[in-house]
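Heads up, there are several structures right after this.
Two complexes, one shared chain (chain A), two partners (chain B, chain C).
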Partner chain A sequence: MEARRSIFRWKSTLVAIAIIGGTFTLARFAFGIGAIANVNNAYPWGWWVGFGVLSFIAFGGCGFTLALLVEIFGQHRYAPMVRPAITMGLLLYLGYVVILMIELGRPWMGWIIFFSWQPTSALFEVAWCATLYTTVLIIEFGSVAANHYRWRRSARILGMVYLPAVVVGVSLSHLHQSSLGTLLTIVPLKVDSRWWSEVLPATFLTSSYMAGLSLVTIEHVLATHYLRLKPRVDLLGGLARFQIGLIVIFLTLRIGSLVYEGATDAALRFDWLSFLLWTEIIVGFLVPLALFSIPDVRQNKWALFASSCLLAGGILLTRLNTAVFGMRVKHWESYQPAIGEYATTFGVLATLVLIYGFAVRRLPIHREEPLDEDPAPGIAPHAAKAAV
Partner chain B sequence: MAEKAMIQDNTRCIGCRACMIACKEWNDLGADVTDFFASDGYQNPRDLNENNYTLITYREEPAEAQWVFGRLLCMHCASPACASACPTGALQKLANGAVELTEWRCIGCRYCMQACPFVIPKFDYGSVFPKIHKCTFCSDRLEVGFAPACAKVCPTHAIEFGDRDEMLSKAKRRIADAPGRYVPHVYGETEVGGTNVFHLSSVPFEKLGYETGLPHEPLPDLTHKSMRFVPRIFFSLLGAFGLMAWIVRRRNERMGIAEDH
Partner chain C sequence: MAKSSNARMGTFAVFGVAVLVNLVLSIFLLDQVRRTRQEVSDLSRELASKQDVAMLRPLRVNEILERRCTRCHTDQRFAKLTGMGRPEILETIQRMREHPGSNIPSSEVREIQAALLVFRCIACHGEGVLSQIVLMPPEDRVRFLRDKVRMPDSGFRTDQVGELLRAFETLVDRPKN
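Up next is the complex of A and B:
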């Protein structure tokens, strides 16, 4: 009873956020971008790109990360994670497209990117790869749906293209996830030295793997909790082991480039940006690294959940630091995200969560066994407290 | 047509703003409702915008007890970061030296604004049908053999226009002939790989509010370092992942692991 009431409360909150976001979106198309956003002539991208594009795509990386793990590296035991990952990946990419339509000044001309040839532009590459990859996600998702509903002909066709689509999709993802970092390499004078580096493509790619695995872990713990299924803590523990390696690679690149670009003085300066930098590195990466290294943590779903949340926060922060907070243009204009920018992005995010919540109950996304014990409410929250 | 360039000799500028008016007339730009603002220049409007593709900036220089003027306009870089960043090819570097915007191809992504080291392209955020606005180098005038509108009207010849080589040697000669009058630097000769607008000044350029400390290498090179590998990386990944996926599937078939995704 209590769980149901809490879900209802969550749902009404999400619906409210979505409605507010929708209202701001209508205002944007009726009165222009300036009416709802603080992006300006010196800071043309801001929160929409930092959160809605760079971060949505990072976490949308769950689809390709799991496909890479299961279908290409042959780690078949993680197969139960693939369907949630593909579904979330597809939703996040669609959400990114919606935010792009809000953010672009002339979205009605967007199609022209597919009739252009601009191989020097990282954005051209991102647009092509992300679009093609969204198609791949639709094929992957469609293949699951066709198998489940026994649409024989579609299932046969999709079954044939499934593996090639996975291979193409994983390759495309490596390209556009890294190109998101390339987007910002052309502005060494505007991104603070603590975040700008020539290895941005590599750090963006590494953090997209981590973002994907964190999101899959967070989803698995929450979904099995609310759907009363047996959580596969063994698998989550396995993912945590991958995370350890990824965090080490990421931090090596991150700290290495910081030193190489000569930003150590800036990093040790006592100011707001250095505070953000050390929050990112310590709370967002080192603490999760330490937690994931503890065997007890890897066997406790709520501890894994908390560590993954920290890591996800670290990835979000590193992207926002690079594209929003660490962006300083020598100019008289300044930038703080406007309510309208938060409202539209969170509105899209709330809609995605609602759709996912609906999908996860109607579609065979989770096939874990139901919990045997008496589903007494309150067990899990206690465990959560103990773990955190 | 030979590659053209412009000299902006700020020591000759008297702040009459005829260039701004001529620019508005030729490009059919609207008027602004302006505001008083504090600090950083006395010009009005404060900065370039959708109605102003060029702007004379006014600063007081205490050492000289007089106004020093500067001019904002597109620098028409030799390797423009904006054109390299544009995903649709709406911005192109032309043989005559201009960086030209094809308005209808613009999708409003504002990557050119982000990429430009001089913070030149502007966007009309207040409009429901916005677009990018920037100096055109009067490319349409160049095509019929005219000089840009601003160069044409300047009464003191602070703005001069001609072939790029000639303009560059002229700018250097001026500094050499009157070393006391100029700071010894042609702004635009090496900045971000060179531009097609050369500024001269009597005070250091940072005092005019110009972007200083720019690298001498073209900015697109930074992106090019990774972008040029994209096709190679894509096909290598495709091959490697394809091979691995095929091996894994064969192994699974042999071991009788069911397809379960």
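Up next is the complex of A and C:
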């Protein structure tokens, strides 16, 4: 009963946030970008790109990371986590498209990207790969829906193309996740020396793996808690082991590039950007690394949840630092995200969470065993069915 | 039992983070030491040239124009100012100030006028070269500018030496942002 009340409270809050975001979106299309945003010539990549695009794509990497782990590397014990990961990946990619369309303001002109052939442009590659990958995610998610609703013909076709789609999806993801870093590598004079490096494509790719695994852990803990299912702590512990390796690789690249690019003096300066850098490195990466390395933490779902939240925060801060806070502009230029920018991104995020909650209750996305013999009706029907 | 497990986890985490932070700081400090040694060994015999000293107080002509003018006008528009004296330039700036959104405070009119006048010099000499005028004694400065203005295609009339001198003094004396 308490769980249902808590879910209702969360749902009401999310609906309110989504409505506010929707109102600001309407205002953007009615009165123009200047009415709701503070982005300017000095900061064309503001909150929308830093949070809405770069971070949504990073966290949307959960789909390809789990597909890579299970279908390509053959770690089939993680198979129960693939469906939630693909669903979240699909929703985050759709969310990124929506935010991009809100920012650009002309969604009806989106098709132009397919006819503006610019194969040497990193942005062109990102646009193509992200679009194709979203299609792949729809195919992967479609096979779940088709099997559940017994659309036999569609299920058969989707089943046939599922594995090739996974391979294509993983390849496309590697391309565009690293190309997001390339986008910033080609503007060395625009990005602060503390974040610019030649290995940005590699750090962006590594951080997308970490973001994906963090999101899968956070989702699994919350979903099993609210749906009253048995959490797979053994699998979460396994993912934490992968995270240790990934954080070590990421930090080696990050610290190594700071030393190689000669940015250590800037990193040791007492200013706002160095504060952000050290917050990112210590709170966002070193603390999770230390926590994941402790065996007791790897066997405790809430400790794993907290560590993953810290790591997710670290990745989010890295992306914002690289694309927004670390932008080098003339000293009189300034940028403070407007309420409209926050409202639209959080509105989209709230809508995604609501859709995800709906999908989890309607489709067999989570197939863990229920915690109790008699789970609360309506909360986890698939889990109940599985138990029977 | 759970409490002692949590305490153990906390101790491990704090110790682990301290070790890792120490490792990162050690790497950075070693790099700093290496770089400092490199920089000391790379020091030239002549520690600072005239230009280096001059650049301690740059004229910042481009910065003034970029901040107040080039958002709306291209550099080519400034070419039209060639031949204009101080009063005409001041009149142009006053006209620009009346445009809505131009955002030019009255306190900056003098330095914008000075920057526009000196901008003509930048066509041939870099801002760094012009900054060396700061180092000259006043009488040398006048003589230098007079010689330069007399040169063919200088873009100035001979009676504009005074204006040019005042423009340089305005730019040299302006407070540092």
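Descriptive notes on the structure:
The working rule: the second predicted complex is superposed on the first by the 366 of 388 C-alpha atoms of A that agree within 3 Å, B and C clash if a C-alpha of one lies under 4 Å from a C-alpha of the other, contacts with A are read in each partner's own complex, and residues count from 1 in each chain.
The criterion applied here is as follows: a residue touches a chain if its C-beta (ideal position, glycine included) is under 8 Å from a C-beta of that chain, and two chains touch if they have at least 3 such contacts.
Owing to the predicted nature of the structure, the values given are computational and were not obtained by experimental measurement.
For the composite obtained by overlaying on chain A, chain B and chain C cannot both be accommodated without a clash.
Of the two partner chains placed around the shared chain by superposition, chain B is the only one that A:34 touches, whereas chain C remains out of contact. Of the two partner chains, chain B and chain C are each touched by A:331. After overlaying the two complexes on the shared chain, residue contacts for A:74 are found with chain B alone; chain C is out of touch. By the touch criterion stated above, A:369 is placed in contact with neither chain B nor chain C. Residue contacts after overlaying the shared chain place A:271 against neither chain B nor chain C. In the superposed model, A:258 makes contact with chain C only, not with chain B. In the superposition on chain A, contact is made by A:112 with chain B only, not with chain C. Here chain B and chain C are compared by how many residues of chain A each touches, and B touches more.
Among 80-88, 98-106, 116-124 or 206-214, the region of chain B with C-alpha atoms clashing against chain C is 206-214.
When the two complexes are laid over each other on chain A, chain A has residues 330-332 in contact with both chain B and chain C. Residues of chain C that touch chain A in their complex: 5, 8-9, 12-13, 16-17, 20-21, 24, 27-28, 31-32, 35, 66-67, 177. Contacts from chain B toward chain A in the complex involve residues 39-40, 46-49, 81, 84-89, 104-111, 113-115, 117, 119, 122-123, 125-131, 211, 213-215, 219-220, 222-227, 230-231, 233-234, 237-238, 241-242, 244-245, 247-249, 251-252, 257, 260-261. Taken in their complex, chain A has these residues touching chain B: 29-35, 37, 39-42, 44-45, 68, 70-74, 76, 79, 82-83, 104-107, 109-110, 112-113, 116-125, 127, 140, 143-144, 162-164, 166-168, 170-172, 174-175, 178-179, 182-183, 185-190, 198, 201, 329-332.
Those residues of chain A that touch chain C in the complex are listed here as 251, 255, 258-259, 262, 264-265, 267-268, 281-282, 286-287, 289-291, 293-294, 296-297, 303, 330-332.
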